[in-house]
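Each of the next two complexes has subunit A plus one other chain: subunit B in the first, subunit C in the second.
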Partner chain A sequence: MLEVKKLRKEYGGLTAVNGVSFELQPGDIFGFIGSNGAGKTTTIRMISTLLEPTSGTAILNGHDVRKDPMAIRRSIGYMPDFFGLYDDVKVWEYLDFFAALYEVPARERNGVIDNVLELTDLTVKRDAFVQSLSRGMQQRLCLARCLVHDPALLLLDEPASGLDPRARSELKELIVELGRMGKIVIVSSHILPELADFCNTVGIIERGEMLAFGGVSEIVRSMQPVRAFTATLLRNGAGAISTLQRLSGVLKVESIESDLRIEFEGSVEQQAEIAKALVDGGFGLLGLREEETNLEDVFLKLTTGAVN
Partner chain B sequence: MLANWIRQTRRTYFGNATAQRDFRVQLRGNRSIIVFGLYLAILIGVAYLQYSSVESQARFSLTNIQYSLKSFYQTIMGLLGGMVVLITPALAATAVITERQRRSLDLVFSAPVEPRYYLVGKLIAVYRYIWMLLILALPVAAACVVLGGSNWLDVFTAFILLSFHGLAYAALGLYISAISDKLLGAIGRTYIAVLLLVFVTYVWSGAGNTFGATGRERSFTVAMSPFSVADGGNTFTVLSGIEVPNWILVGALVLVFVRMCLLGAGSVLSDGREIKNLRMSWTVIFAVISFASRLGPGGTTFFSSGRGPSTSFSAQGTASGLSLPTGTEAGMTAFWILFPLIFSIFSISAFGTDGHGWQRPNGWFTPKEVFSGTPAGALPYVLLLTTVTFGGHFAANLYLGSMITLGDYLSFYFYAISFWSLLWAVTRLASAYCSGLKATQTSGVLFCILFLVAPPLFFGIISAGVDNPFGQPIWNFYALRPVLLVGTETFLNSLTYGVLFLVVAAVFYALSVDRTKQMTRRTEEDHA
Partner chain C sequence: MMQHYRRLVKENPMKIEISRFQRRYFSASAPMANRVMVLLVLTTYIGLCMLVLVFGEAVTPNGIILIQTTLFCAFGPMMLHGAVAGERERRSWELLLVAPVTKGQIVAGKFIGAMALLAAGAVAMLVPVVLSTFYQKQVDVTNLLIKEIVSISFCMLICSWTIFISSRVIRPLMALGVTLGTEFVFLGVVPSFAWSLAGSDPISRIFILYLNPFDVLQKGSGALEAFSNNSDFYGIPQSCVYLILTILFLIYAEKTLHFADNDVKFLPKRSEDAGS
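Let's turn to the complex of A and B:
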């Protein structure tokens, strides 16, 4: 389990991260959303022990980043938003180097390298030089590097940036697979659609402060007390509008071409009354659907785009 | 805990992943073949030219031949020394900075790796490379033995010494690489620092040859230059009646030097977490050097008569006949032992922001912060270094039963404290008014140039051509006058200068207080 408690980081007069807290369980895939400069990378670097927090801490499986950074490092795989690959080394040598840094016993390294290459679909590139790989492959190699020591937590900072759609899709599948393996995965990005698809938890950060945290649907619901429905009727008209306006919970009804747009704030029982009234009124109800608010809408609603 | 330490140490020095990776890359591709080829071609070419010269000498006399063969061996070893001086800095200076520019350092330090592991790995890779160069030169060195210019023991000790020198330059290069932002800057600074070190050790080596004992018993300083390994390699120093080979003494010094360079680099790479280790080590080193300067191979203080640089003062006549009280000698020696602190006093004492760094002015004198690296611990740390240096030298004198005049000695101690306090106060003032740490440090260096470097040049011009130029009254305005062996030094001098320094330091500090408060308040408001 990962507990992040009031993490704060100051650079001179600048507060890059201000009291960020959240908690994640094994198997969680956490989408860390924020504009460029919002504090995502700083938070991730503090969790990965590369930056010392000004105050607050993060605890991974009982190990504190401030008190026991080495134990934390053994339990995390950190992939920054750049590759940082070495020239003049082969793929297996690169992984062998990091396996050695992570204290994987020498006799087990070959097996570990084969496994992570298979997982990241790079087995055929085992003996290729790192600089000869495509960008997507280099990204997968970076992920393979993060996995050589079987970490409990993966910190992936903007992992999909610069990748083509196929490479993104492959990376997404890989991350979902890692979540299934019981790892906690933190993925930061400012590209929302790529996160909404596969993250079960998200956090929205702006100017170093966590504005929202929770499940995707939970956050969307909390951000949308007033819901909107679109009713498609066979016989649209003033009668339907006045019928709906009499129902409790209905705030506003307006006609948009052949449809009615209904703004509603009430219980599910009251919601059921809408369909019933339209059917009973003989308006010829062809369809009734809720307008979906997506993560992008929530993000735009919550944030102002300001950076520190 | 011990088992863990043994495991970590074994992991660091044997099978270090960084060393293996670096060494593999160094030897990969055509580059290494070209370097080795060129290296051998130069060696063989010079050896051939030198040997041709020996052959031409052979017609004259046996003495000439012996001399020529010895000279042949010296040339080959000098050439190897030159190679070490040229190649090692290039390898070391690029080691950390290229990783920083490639941004692979973050990847390494997100693994359970201490800076020590990483830096030792880099050092091992360079050291292995040096040994490869030396082993490649073995056939040429063997020719010297076969021809009679030297023996195998000479070659062995010379190679060991060259590898030590290479190790020292590599460590220096790694330190500079760790503190640099740009590759070319790192390479340039490393070469400047290494050449400076080569120059200083060459002078020491020359002094050791000139003033040391003759034969194989020589001052260990003769082995401190890469260009004197042919002569200084197979020599020894007598310590407490035991003949200690000089290559062992030089090796010990190099290891201390390497440790300090790596700790310095480590404190940069670890975001200051190694700074406590670094400061404690410097404290011990200053204490030991100051103790050993009285007891060590020199066997005397720098300013007394007998072996050592003091003879040169007498030879120049400047100090000839000057009878210094022993407290003054000891005080001057202790002051100069600590003087290299000038290279870091401004880094130690500065506060302010720079890039991602923020040294908060957390007070002016907090003894418990002495090893923490914060501005509040700067003055306590400087005072501690002054105290251990003077204390170490005093203890050595007590141990030897030398009666030193305590009043004189304490007056120099007071002078030293005042001198460093003044530089500390200058840094505080500069920190309060400059926009960042780098600007502060630059201001400090400028102050040093104006305060310490420019006056002797100016006074030298003014007093040139007169009898006893250093006895001219104008030299009384020079801040280091009490610790220079010129003119007549008095008990009053060091005390007077000390009081003056303290007054100026107090004024500077007072001037910085308000401005520091303003700066801190503004920063806190920004946070709020």
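Let's turn to the complex of A and C:
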């Protein structure tokens, strides 16, 4: 379990991260969202022990980043927003070096390397030089490096930046698989629709402060108390509009071409009444669907784009 | 003391640097520039052995140790100039910092890696040294041994100096330039000035030239014999000074690793650059 408690980082008079707190369980894939300069990377760097927090702390499986950084380092895999690869070595040599650095016993290293290469679909590139790999493959190699010591927490800073759609899709599948393996994965990214696809938890940060934290739908719902539905009717007309306007929870009904757009704020029981009223009124209900508010809408609504 | 030895040497995972050095210079996957360098060293080495065999008495063990020291003074910085600066340049430095190793272990690992190559080189150079002793009428083995120790300890000093410089800059080429530049100043320019400034006072010269091992290494070949005959100051005591300086530079290298490090590098210049 990862507990981040009131993390704060100051650079001189500037507060880059201000009291960020959250908690993640094994298997959680956490999308860390924020504009450039919002404090995502600084937070990730503090959790990875690269930066010492000014105050607050992060605790991973009982180990405190401030008191026991070595134990934290053994339990994390950190992938920064750049590759940091040694170009003049082969793929297996690169992984072997990091496996040794993470104290993987020499007799186990070959097996570990084979496993992570298989997981990241790089087995065929085992003997290729790192510099000969495509950008997507290099990104997967970085992820493989993060996995050689089987860490409990993966910190992935902008892992999809610069990747083509196919490579992004492959990376997404890989991250989902890692979540299934019980690892805590923290992913910072700007590509919000993708994060919404595979993250079960997201946090939105701006000017160093966490503005929202929770499940994607939970955040969307909390940000959007008024929900909108579109009803497609066989016989659209004023009757349908007046019928709906009489229902409790319905705030506004408007006709858009052959459909009705209904703005609603209420319970699920009240929501069920909408469909019932349209069926009972004989308007020929063909479909009723909720308009989705996506993470990007919520992000834009919550944030102003300002930085410290 | 034993605890430091265990942490920094015996159980240091950064000892993997030894095999990295091997791969970088001697494996089939070594970069072309490194292969050329190894080829040059091998050619020089074979040439030296041939010289000893062909010219016999004309090639003294002293001369070979001088060549060895010169080679090590050049190749030490070439091997180590990127020890820290290179990691910074290719941005792999952070990956080392988040690994379960201390900065001391990183520095020690880099140094141990270079020392392994240096040791291999020193052993290889023993062949022409031993060969040349067969052609000499009188060989002072103790004296030769002391010179080997002076040569190797000085090379260790050069290596630690290179790591120290490398830990203070971001560009490896800058580290190489500074290291070779300071070598040139301290081994070339300073002794030249010292000869003219110190006049005939041998004590002044001894102290001024103390850090220049070529003085004591030439003893026996005649050139500086007049000022090198104070054996109380040279030889083993000199090696001890080199070793102490080696340790000091390594300690300071570790202490200054934060220079140009992330805390500083990512410190925003303007407030709007803050954060990530």
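Convention: the second predicted complex is superposed on the first by the 308 of 308 C-alpha atoms of A that agree within 3 Å, B and C clash if a C-alpha of one lies under 4 Å from a C-alpha of the other, contacts with A are read in each partner's own complex, and residues count from 1 in each chain.
Definition applied: a residue touches a chain if its C-beta (ideal position, glycine included) is under 8 Å from a C-beta of that chain, and two chains touch if they have at least 3 such contacts.
Because the structure is predicted, anything quoted here is derived from the model rather than measured.
Asker: Based on the superposed arrangement around subunit A, label subunit B with subunit C as either clash or fit.
Answerer: clash
Asker: Thinking of the overlay built on chain A, is A:136 touched by subunit B (first), by subunit C (second), by both, or by neither?
Answerer: neither
Asker: Does the superposition put A:26 against subunit B (first), subunit C (second), both, or neither?
Answerer: Touch partners of A:26: none, neither subunit B nor subunit C.
Asker: Let me test your reading of the model: by the given contact rule, A:208 touches which partner, first (subunit B), second (subunit C), both or neither?
Answerer: After superposition on chain A, A:208 lies in contact with subunit C alone.
Asker: Classify the contacts of A:48 with the two partner chains as first (subunit B alone), second (subunit C alone), both, or neither.
Answerer: both
Asker: What is the contact status of A:82 with respect to subunit B (first) and subunit C (second): first, second, both, or neither?
Answerer: both
Asker: Could you look at A:36 and tell me whether it touches subunit B, subunit C, both or neither (first, second, both, neither)?
Answerer: In the superposition, A:36 touches subunit C alone.
Asker: Please tell me which partner, subunit B or subunit C, touches more residues of subunit A.
Answerer: Result: the larger residue contact count on subunit A belongs to C.
Asker: A:17 in the overlay: touching subunit B, subunit C, both, or neither? Say first, second, both or neither.
Answerer: Touch status of A:17: second partner only.
Asker: Which parts of subunit A are touched by subunit B and by subunit C alike?
Answerer: Subunit A residues touching both partners: 11-12, 14, 45, 48-51, 70, 73-74, 76, 78, 80, 82, 84-89, 93, 97-98, 100-103, 145.
Asker: Taking the complex as given, what residues does subunit B use to touch subunit A?
Answerer: Against subunit A, subunit B makes touches at 11, 15, 17-18, 20-21, 24-25, 28-29, 102-113, 271, 273, 353, 356, 358, 522-523, 526-527.
Asker: For the complex, give me every residue of subunit A touching subunit C.
Answerer: 11-12, 14, 16-17, 34, 36-42, 45, 48-51, 70, 73-74, 76, 78, 80, 82-90, 93, 97-98, 100-103, 129, 145, 188, 207-208, 307-308
Asker: Please output the residues of subunit C touching subunit A within their complex, sorted ascending.
Answerer: Within the complex, subunit C contacts subunit A at residues 13-14, 16, 20, 23-24, 29-31, 90-102, 262-263, 267-268, 271-276.
Asker: Give the list of subunit A residues in touch with subunit B in this complex.
Answerer: Touching subunit B: residues 10-15, 45, 48-52, 70, 73-74, 76, 78, 80, 82, 84-89, 93, 97-98, 100-103, 106, 145 of subunit A.
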